[in-house]
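Next up: some structures, all given as structure tokens.
One chain, chain A, links the two complexes that follow: it is found with chain B in the first and with chain C in the second.
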Partner chain A sequence: MQTNRKFRLVDTIYLVMMVLPIVAGIVLNVLTKPVSEGVSITGARIFFTIPMPLQDLPVTEAQINSALVMITLLFFCLYLTHGLTEKCERKRQHLAELIVEKVDALVTENMGDYFIGFAPFIIAVIALSAFSSLLSLCGLFPPTSDINVVGGWAVLVFGLITYYKLKCGPLNYLKGFTEPVAVLTPINIVSELATPVSMAFRHYGNVLSGSVISVLLATALSGLSSLLLSWLPGFLADIPLFQIGIPAVLSIYFDIFSGCLQAFIFAMLTMVYVGGGFDLDLYKQRKARKAQKIKTNSMEE
Partner chain B sequence: MQSLDIISVNLWQMLVSLINLLLLFLIVKKFLYNPVKKMLKSRQDAIQSDYDDAEAAKAQAEADRQAYEEKLSSAKAEADSIIRSAVGIAGQREKEILQEANAKADGIVRQAEAEAVLERKKAEDAVRKEIVEVSSLLTEKVLEREVTAEDHRQFIDSFIESIGDDDDGN
Partner chain C sequence: MELAIGIILGCCALGAGMAMIAGIGPGIGEGNAVASACEAIARQPESKGSVTTTLLMGCAVAETTGLYALVIAILLIFVAPNLLVNILVNTIAAL
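Up next, the complex of A and B:
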């Protein structure tokens, strides 16, 4: 294993670049966050607005933070794969192999071998979603509690679902709406369109509700402690008795557990919907028919 | 500073986040997934080649073993044949020696017999002479006269002949 100076330098750069975006985000947050009194539950703050056709594009905390997460993840990937060897000499390589092999197994199990190319996409979904949610641990606005961010992902997934359904033949796709009976067609269309909406709202709602409950509980706890201790003289009245420890326990559930769980659920739903909408046998039949057609055409010529 | 509402759908923001996810997909694919897969593949190949080498070495060892065994058994057979031929030669030699010895012994016995016959003849001659002398002496005494040697000889000879005939007749 060569760990010369150059290798260490590159390692250090990667590690610094992993942490730097988060630090920058925190600094930006501290500098721009307005001092607010009392409870306020709002969406992402808007830094500036770019005029665009149809609708203006506001550049918000959510956009900035997801960009920061992406930079962090980019350097995390680079760090993990820096100095890969066949003999697995570095600890980080175990993690890299673990991630790749577990997600490969997950994709194969849920979607079949045909969709093995989806593995990096699933890694990206899980990583982006989980790390975005976990940003709330640093006191930053988690991008996943913005409907637009999660909505974009859901639209992409919907596009993938539709693409793979169309791959089995457009007629089959259209016929699928009239099943089991033609009367149910409108309901089928609604349920098809409901897929991305439900995915987006599930994820976004869980993360947002977590922050909302955290804020409400923090306020309630501070009220409770001031209620109990207000009769004490001087600074003793200001002791945040119930704010010690209890919010941390809540944070473990709402920030860490819920964030990771939602990321996993989003990825699982992606796999199930995309894999479920695609019929490999039908696709192969169609491909064979097409090949046959081309063959007969060329023979006629 | 302005904030968005809790729920505020913005198409451009959605597009940006969609592109973000695609971008991250490409990043993960290029910088994490593909290198790790490539490494795993090369490791697989290395392990496979190790296994192949081991297999080949094992086959080689097996072939060597068989060759040695063959050699060993052929050596055994050779040794057997050598011993057999040696035993055969030795048997032949033994026979020859025995024959030689027998022949020699026969020769010795024959010589001894011949010598014995010769001795006997000599002894017979000697006895005959003695008898002739004794009988001539006796007859001289009996007849008191000189018998001519010629007569005498004839007489004795006929006498001994008759004795010899009697002896032979027995």
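Up next, the complex of A and C:
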């Protein structure tokens, strides 16, 4: 029983640490949000700037919120995985094993067995992106509707794609641009560079368009209800007749479904691009050739 | 001065509206995709899961061009007017 109670204490600490960043974000939002009248669609607010040699580095709401999401996810993972047992006694261990199995199966299916080490990266991308989008349910600024955050992820993925393409040999990588004919080289370079741009724009455009449409609909509904009820006396004129319930339907689509779908698609495209750019047979040939070369060199010496 | 600012605001709004003409393309494309998916599920109901996954994936990729137009429209409405009016004011002040 003693160990059981100890686990419960640790559980409580982890759960509190999971909720605490979100609460801190809401408090920060309430404290710093400027009072505005009517409809306002703005980007991320800048809290303060750090002076840097070339350009001042602004610390924005998006960065703070994504850091909060990371802390929450860290403690969520710790909560799921602490005290693992061989017999799988707790429910949370079942959940953790389910997630790991599903992600492993997804990565193996889309990228092949060679890339099984990518599974933690893929689930990290999915979780970070999905929870960032879901942050708008708490009334916070979702970091994924800022192009800088999503653009950073897209650049990271572009680096991975290029790294795995170069792994099959730099000459092969350069030769890939001249296919099918050498005339198409500029178009190939543009399409290569368009990959991170399109990934970033797709994710950020979906989340941002959801929030813009939600704000426009809320404004339109409040205008409609004030138009219909303005002739009533006293407080009856202020009843938000149409704002009850209707925005929630859109919120289910834009905040929950679209956010999770975009997270899945971002991870899926990462897997397809990284796995598709890497030719395992070519890599093995190159490795074998290198090993042969080293062998002959050492024999000559 | 007022006329110039009015022209800037009006042209930004017009440009945003015209940029969203690109919404036609993804609409047609996704409609085709969903129609084909319906046919596929009707023919092989057991393949519903994989068809749905592929459909969502394809829809998201087909949406990309529409989202480019959307990003440009949003920039034209919320970012460009301030920028252009600032440029105008600075140019007139420099003269």
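The definition used in the following text is that the second predicted complex is superposed on the first by the 298 of 301 C-alpha atoms of A that agree within 3 Å, B and C clash if a C-alpha of one lies under 4 Å from a C-alpha of the other, contacts with A are read in each partner's own complex, and residues count from 1 in each chain.
Here is the rule we go by: a residue touches a chain if its C-beta (ideal position, glycine included) is under 8 Å from a C-beta of that chain, and two chains touch if they have at least 3 such contacts.
All values reported here derive from a predicted model rather than from experimental measurement.
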{"item": "Touching partner for A:Val125 - first (chain B), second (chain C), both, neither", "value": "first"}
{"item": "Chain B versus chain C as contact partner of A:Met268, first or second or both or neither", "value": "second"}
{"item": "First, second, both or neither for A:Val149, with chain B first and chain C second", "value": "first"}
{"item": "Touching partner for A:Ser198 - first (chain B), second (chain C), both, neither", "value": "second"}
{"item": "Per-residue touch tally on chain A - higher for chain B or for chain C", "value": "B"}
{"item": "Contacts of A:Leu57 with chain B and chain C, given as first, second, both or neither", "value": "first"}
{"item": "Touched partner set for A:Leu208, first chain B, second chain C, both or neither", "value": "both"}
{"item": "Where chain A meets both chain C and chain B, residue numbers", "value": "41, 208"}
{"item": "Chain B residues within the chain A interface of the complex", "value": "1-25, 27-29, 31-37, 39-40, 42-43, 46"}
{"item": "List of chain C residues in touch with chain A within their complex", "value": "56-57, 60-61, 63-64, 67-68, 70-71, 74, 78"}
{"item": "Chain A to chain C touching residues, read off their complex", "value": "41, 198, 201-202, 204-206, 208-209, 212, 261-262, 264-265, 268-269"}
{"item": "Chain B contact footprint on chain A (complex, rising order)", "value": "32, 34, 41-47, 52, 54-58, 60, 62-63, 66-67, 70, 73-74, 77-78, 80-81, 84-86, 96-97, 99-101, 119-121, 123-125, 127-128, 143, 146-153, 155-156, 208"}
